[in-house]
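First the structure, in the form of structure tokens, and then the observations on it.
Chain naming follows the written order as A, B and C, and within any one chain the residues start at number 1.
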Amino acid sequence: MLGQILYALPFLAQGFAVTLWVSLLVVVLSLIAGVLLGVGLVYGPLPLRWAVRIFSDTIRGIPILVLMFFVYYGLPAIGLHLPSFWAAVSALTLFKTAQVIEYLRGAVGSIPKGQSEAAMAIGLTFRQRLAYVIFPQAFRRFLPPWINGVTDAVKGSALVSLLGITDLMQAINQVIGRTYEAMPLYILGALIYFAVNYALSLASRRLERRFSFIRE
Amino acid sequence: MGYALNFNLIWRHFDKLWGGLLLSLELAVISIAIGTVIGLVLAVWYVSAGRTVRAIIAAYVEFIRNVPLILLVYLVFYGVPTVVDLAYSAPTSFVLTLSVYSGAYLVEVFRSGLEAVPRGQLDAGKAIGLTPWQRLLHVRLPTMLRITLPALSNTFISLFKDTSIASVISVPELTFGAQWINFNTFRIVEVYLVTTAMYLVTGYVLLFGLRLVERRFRAAR
Amino acid sequence: MSEASNASPVLLDVSGVSKAFGAIEVLRSVNLEVKRGEVVTVIGPSGSGKTTLLRCVNFLESYDSGSIRIDGKEVGYLSAGTRQRRGERDLAAMRAETGMVFQSFNLFPHLTAAGNIMLGLTKVRKKSQAEARSIAEHWLGRVGLAHKADSLPAELSGGQQQRVGIARAVAMEPKILLLDEITSALDPELVGEVLAVVRSLAEDGMTMLMVTHEMAFARDASSRIVFMADGGVSAVGPPKEILAAETTNERLRTFLARFRASYF
């Protein structure tokens, strides 16, 4: 049994690399999209606010799995063919983007209106206000939930296995298909996911403490 | 483009979706009920227990919360029966998994709620001569519930959405029904539009109902 | 055009400004002039539109009709006739010409006292870090806080924070300084130190428009006092005239009577 698992380790490592790559893509892409749309939600003109609100509430209201099948099977029907890898990454990114939008709204919304006004009063433009006054303060409120959410991205990435992508989850299933050692391999997989995510959540707690010294 | 929406085939197989939705709700309700019991018991135990018990409960919570649900579902359905002489159906297996899974999330919700109960209330309970059990039942738990209701509602909705994972072990809930229609009719866009709408409407109806409960609970105090 | 208007003694010209929040008219055709070097104080009961007027001057609030000009230049709109707002950059540049001090200080909590002052100097005035720092230190010295340059706002008392707020506004060398109830949020024992700073700025010839409830200070430091009631200017004149007990303005008399009981 142990021999078979050792034999499969390089294969599992490859799958693990795919898991990390998918997670990283999702985290980075959703951060960019979420911050942009979040700024649109807070400061944009009314139609944009509505659009972002509907987008966020809809995406967060459906299971990621359904979203993923929709993107993968549904988009080709309207002429958009995405390879399974990018379909999976897009769906996970859409979901995560909606979360980032909410983190950003919460973080920016917690900053008193007087801060924007004081920044306006000294003649800062909108972008300067965001860059030098709003974001530096919003950052420490945004960071803890966002890092916590990174573990969601890693966990969510396991769903890409359902589109036939050989991530850690799929690699485990494939090794089980050859070796029939279901229990040890699932436990090994669980431990790997746990190790990554637990490390991330510890990091988030530390950061939270580090940034708590800035008082209001 | 040139894709014309046609919902006829969806309506013909709508029982797959409707039956699926009912099963999704059933899975969610049973799992959440068991999970709530697990969560409450462990949370109450945690706040009054010594170091070892706390560490064990924390280990359970941290482990479950940091592992993908899909892996736990596979582990319980395909893994556990290989080492334990147990036979259970896919729906039972999923309910088992989601119960343990939701229990871990709910321990956290209840624990933080219990810790947020103001000291003064407990002291007041002591002052009027309530026993520890009475204090728990009449002071601590009701206050904790009121504090945690919003977070509890969100967790419940999120667990309802998680039932879609049951489709990976062929439990014929809503997502499974959608896939069946997808593969058998190829009205792909339509089926996912309808499925999405069903999840959204159900989710928001649940949320609305839970908010009503929250309001009533607050008014009753 | 700006060359010509520079010669005019009138720095701020508010004419016929009206504004409504929904059905409530907060400003009704307000007219007001502030000349260079003048200190004009706006008094009046709460809800009379004082703060809204002040916030219109640097366009933190828009107004429905009328015109506000600083140095002959229309403030928030492209011209007096249109309600077409200036672009973002244009508006920011206009605001840099007016300094504002807030009731709740609104210091940037993530920046030190010096950092608060330097932000506008480096990003708007495009000064170097070193130059901005020396200007910041100069003004912190003026408000008696040279030793607090590197303190965060949370480490300062309310009075100290407000003095930094004043330094942040004047360091930009604004044409006019707007002071919005700057002592209202302070403990009574801290009011004096802030008012002393304002007084010394007035002596330097800084043009100021301020809203305050400090009647004694208004009487001593103002060139003129404007009494607002129900969104309009009810009386204007030198302090002695406006604060006189024998005024014939019914509203003003009731307003002052309430203050006299506690302040005079």
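In this section, a residue touches a chain if its C-beta (ideal position, glycine included) is under 8 Å from a C-beta of that chain, and two chains touch if they have at least 3 such contacts.
Just so you know, these numbers come straight off a predicted model, no measurement behind them.
Student: What is the chain whose Cα centre is as far as it gets from that of chain C?
Tutor: Of all the other chains, the one whose centre lies farthest from chain C is B.
Student: Which chain wins if you rank chains by how close their C-alpha centre is to the centre of all protein C-alpha atoms?
Tutor: Chain nearest the overall C-alpha centroid, as shown: A.
Student: Chain pair with the most contact pairs?
Tutor: After counting contacts between each pair of chains, the winner is A-B.
Student: Taking each chain's centre as the mean of its CA atoms, how far is chain B from chain C in angstrom?
Tutor: From the centre of chain B to the centre of chain C is 56 Å.
Student: So what's the Cα centroid distance for chain A and chain B, whole Å?
Tutor: 21
Student: State, to the nearest whole Å, the distance from the C-alpha centre of chain A to the C-alpha centre of chain C.
Tutor: Chain centres of chain A and chain C, defined by C-alpha means, are spaced 46 Å apart.
Student: Which residue numbers or ranges of chain B touch two or more of the other chains?
Tutor: none
Student: Where in chain A do residues touch at least two different other chains?
Tutor: none
Student: Which residues of chain C touch chain A in their complex?
Tutor: Touch residues, chain C against chain A: 58, 60, 88-89, 92-100, 102, 104, 106-110, 119-120, 123-124, 152, 154, 168-169, 172.
Student: Which chain A residues qualify as touching chain C in the complex?
Tutor: 112, 114-115, 117-126, 128, 132-133, 136-137, 214-216
Student: Enumerate the contact residues on chain A facing chain B in the complex.
Tutor: Spelled out, the residues of chain A in touch with chain B are 58, 61-63, 65-66, 69-70, 73-74, 76-79, 151, 154-159, 161-162, 169, 172-173, 176, 180, 182-183, 186-187, 189-190, 193-194, 196-198, 201.
Student: Would you tell me which residues of chain B are touching chain A in their complex?
Tutor: That would be residues 1-3, 62-63, 65-72, 74-75, 78-80, 82-83, 161-165, 167-168, 175, 178-179, 182, 188-189, 192, 195-196, 199-200, 203-204 of chain B.
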